[in-house]
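Going in written order, the chains are labelled A, B and C, and every chain counts its residues from 1.
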Amino acid sequence: MEKTLNSKTKTALSAICIAAFLLIVFALDNTISAGSSWKMLITVIEKGSIFALVAASMNLLNGFTGLFSLGQAGFMLIGAYTYAIFTIPAASHDKVYQYFDGGLIQWSIVEILEDKLGVFGHYLGMFIPMIGAGLIVALIAFLIGIPVLRLKSDYLAIATLGFAEILRAFFQWNTLGPITNGSNVLRKYTTYGNAVFPVIIAGISIAIILLLINSTYGRAFRAIRDDEIAAEAMGVNLFKHKEMSFVISSFFAGVSGALLAMFQTTINATPFNTVMTYEILLIVVIGGIGSITGSIIGAFLFTAASEWWLRGLDAGRWLGISSSLMRPGFRKVVFAVLIMMIVLFYAQGIMGSKEFSWDRFFAWIKSRPEALKTLPARRKAKSAAKKEARASKAAAKAKAKAAKDEGEAKKASGEKLFTPLPVSDEIMIFGKEGK
Amino acid sequence: MTMAKDNDKREVVLRLSDITMQFGGVVAVDNLNLDVHKNEIVGLIGPNGAGKTTAFNCITGVYEPTNGAVEINGKVVIENYPQGKMKDAYKGRNQGKYTKALTMLPDKVTKLGVARTFQNIRLFKGMTVLENVLVAMHMNQGESVFGATFRSKKAREEEKAMREEALELLKKVDLYENRDDMSTSLPYGKQRHLEIARALATHPSILLLDEPAAGMNPQESDDLMRFIGRIRDEFDLSILMIEHHMQVIMGICEHIYVLNYGGQIADGTAEEIQANPAVIEAYLGGDE
Amino acid sequence: MGFIHTWLPYILAGIAVGGQYALIAIGYTMVYGILRLINFAHGDVFMWSGLIMVYLITILPLWASVILVILFAIVLGTTIEKVAYRPLRSAPRMSIMISAIGVSYLLQNFALYITGGLTKTYPTIAWLQKTVQIGSATTKMVTVITPILTIVLVFLLVMLIKHTKIGMAMRAVSRDFETSSLMGIDINRVITVTFVIGCGLAAIGSVLYFSNYTGIQPMSGAMPGLKAFVAAVFGGIGSVPGAVVGAFIIGVCENIIKGTGWTTFSDAFTFVLLIVILMVKPTGLFGEKNIDKV
């Protein structure tokens, strides 16, 4: 009944939107002055696109391959360091590596290529270590994956979290100081000039992730997520495909790490801890596990809320309300509470497992007038449904209570409530059972 | 025990020799010997807990049998003998007869041409009917992940061929109209059909069906019976099936094996099984 | 003799830290045994117990503070279970794990807000800091008390699980959640008791643990929490004695590593151990093999 647009129109529409967005970002970054409060918008766009990329890469693992991995911050860390180490200008080495005699690597890829190729060399010099960061992370993930990916869900989560912590300790190790600068910050490396840069890189990367998900390999990943045993029975080599997803996801985490290094202008291993991984995971959850569109929206909302909209909560005044409760840190508390509400009451996130499509978008627009008209009726229906749910809950409660009373009565009359189960092993207190 | 073995001139495509599966102290399958010939439909029956599904899992590489060997198309692909702790704990027979330890992961078994369905339907829940079938064709495509992601010419051609074949297959199992529905939204009977279609998409020569008629009424199981016969001919298959519906088993299987408490108590044609006192005692007697 | 002389202090310290990890690990292992959930928030309950102690000790005598800290941890833990885990009990396992991570995030951020991001000085408990002479090593009272107290508490817990009705119910629920509920076991009560025990022990552990350190900050619970979880996995998750043995082994190894000068990697060691154990014996030291049904 709905006429769908043909694919050429859709592609054209998408292209126009993307080009317009890039132009706007480019223009905004050039026009907004440093002191303006709208500068925050630029920050949100930059950081948002970086986190959109890492969230999409985590979603590829958690949402599309069903691997509950919590190593993303560790992989970003390697990416950030790899990029920074190879782009610190030769002249700045003595200052940056002041405790390590100017460090081991005395050159910068950017400078070398800029000398030979000019402006093009400059960007190529940024691009190569960025891809290199991804490749190194991918290699490390490949090695980590060999033991770790054979583990079941919860163990995988803990093992990847553990590896991320090991990596963090490793990068702060003094012996590696000539390369990683030990526990000191890396700075002075080449960064990008305009907010368009991270948007483009993140955009291309996410597009590649989407292409992968919609390929035959992506289908195999989703099959593993839905049912490992059935996937294996259909000839999908579990280990090979899990490793593939893990390595590709890590590659993009590495690239996003490099982008984050550029965004922050200084980098240190300490903040790449479990909290950072948790934040990435929560972005994925807010957007919807299994939706890349959701991860993008989630990332921008998350950064906008935490960096910009809720800032007033830390400063004592927000939306015209002022309170002594609002001191530094309050923003994060409110934020965490909001996230818990989403986790508990809106578990499917913003997009569920759906992706954006022009057809759905136009159908949604068209349905608005109708939806507005029927709003009161739907409200009524909803409240009625709620009432009913409440009533049935109360009934269930009463039933449970009756059952409990019965149990009590039985207990009083000396009847056994349950037969003790045999626990054969003296030492084992809880036995494990399959599902 | 296996009296009918020598009468059949057709080649053996699947042979289980002395397959024993012991979990801790429990012998789930006890010395099972079973042959499936080319284009034959073989039934595996027995009361609940007799070890039928465990036998399937031993064939498909989900479990490693404790002792015995599995031969597919004349080649031993799985073999094991009691090792380690099991050496002393082993309760089955023929210890010492097998000396090799050959294992094979389920996906490799599938690649050898053995496909299966599951007792409690295991469809890919987050996917459409068509996608479910396409997953099963994934192993036969040759493009690398890189080429597939960037839509190389080969990848596009393969994808197109896969789609065409999948749709053709769905037509054959009467699921063409449902191709874009979510797999879980299908009615129960159609989900069973989809599981079979998905198994067929792996291009098997041997099909293992685990209770395909479970939960069906007599009319539906009648249809299923005809359906199984039809796909056997159309896809040139040999079929081994577990089933509780005697009507289906007796109506379609050329040869039937009966398990009870893991052990093999009889085998033969439908008539022979129906007349066998041990079977009546253990199984039919209690059931009908 | 020279060997013992050199290493005894590290081994003693290791045993003490191991006892503290053990008290946290019990909470992880029991919750996992019953709910099959890695309670990511457990380390933060532990941290909060330490933080509350800092505030209570300023207005109350020591004994009252300790009791209140234990009560606080119990209330916090059971509330978390009720609010964040119970509604998701029938949801996919990933959701409840995410909820646990969300709670952890909330508790850390709330601590950050309360402390203003500053490291709080943990009160000195004079009695625990008394010096004791053991063989050739001089050590603090807390080092001696911790293992003894841990073993006594674990013994009591094992007795409770083995010989009381609620303990029997716990064993039953950990074997088979659904059947137990059909048998008339009050699942909610069993879970609440599990959280009460786990959080109570974590609170006791926090008093012992933090008295070794001068300060406490919002991230103080994360590392000991993760290590205690590794200890639980090492011992065979679901097994209480396993968690305790695992915790002692981790504590001792970690301190020996510190003794050799590889302090940077003392934390990393725990995770290397985790990965090795999961490779070699995924069920842990005392775990049972479990077979997936197909």
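To be clear about the criterion, a residue touches a chain if its C-beta (ideal position, glycine included) is under 8 Å from a C-beta of that chain, and two chains touch if they have at least 3 such contacts.
Owing to the predicted nature of the structure, the values given are computational and were not obtained by experimental measurement.
S.K.: With respect to inter-chain C-beta contacts, which pair, A-C or A-B, contains the greater number?
M.R.: Top pair by contacting C-beta pairs is A-C.
S.K.: So which chain is farthest from subunit B, going by the mean of the CA atoms in each chain?
M.R.: So the farthest one, by centre of C-alpha atoms, is C.
S.K.: Mind having a look at which chain is the central one, using mean CA positions?
M.R.: Centre-most chain by C-alpha means: A.
S.K.: Distance between subunit B and subunit C based on Cα centroids, please, to the nearest Å.
M.R.: 47
S.K.: Return the distance between the CA-based centres of subunit A and subunit C, expressed in whole Å.
M.R.: 29
S.K.: With centres defined as the mean C-alpha position, give me the subunit A-subunit B separation in Å.
M.R.: Here the centre of subunit B sits 41 Å away from the centre of subunit A.
S.K.: For subunit C, jot down the residues that touch at least 2 other chains.
M.R.: 291, 294
S.K.: Counting only residues that touch at least 2 other chains, which ones in subunit B make the list?
M.R.: Correct list: 62, 118.
S.K.: What positions in subunit A touch 2 or more of the other chains?
M.R.: Within subunit A, the residues that touch at least two other chains are 229.
S.K.: Provide the residue numbers of subunit C that touch subunit A in the complex, in ascending order.
M.R.: 29-30, 32-34, 36, 38, 83-84, 87-88, 91, 93-95, 97-99, 101-106, 108-110, 112-114, 116-117, 158, 161-162, 168-172, 174-176, 180, 183-186, 219, 222, 226, 229-230, 233, 236-242, 264-265, 267-268, 270-272, 274-275, 278-279, 282-283, 286-288, 290-294
S.K.: So in the complex, the part of subunit A that touches subunit B is made up of which residues?
M.R.: So the residues of subunit A in touch with subunit B come to 208, 211-212, 215-217, 219-220, 222-223, 225-227, 229-238, 244, 248, 290, 353.
S.K.: Which residues of subunit A touch subunit C in their complex?
M.R.: For subunit A paired with subunit C, touching residues are 62, 68, 147-148, 150-151, 153-155, 157-159, 161-163, 165-166, 169-170, 172-174, 229, 273-275, 278-279, 281-282, 285, 289, 327-330, 332-333, 335-337, 339-340, 343-344, 347, 403-404, 407, 410, 417-421, 423, 425, 427-435.
S.K.: Where on subunit B is subunit A touching in the complex?
M.R.: On the subunit B side, the touching residues are 60, 62, 105-107, 110-111, 115-116, 118, 122-127, 131, 134-136, 138-141, 143, 145, 148-151, 155, 158-159, 162, 198-199, 201-202.
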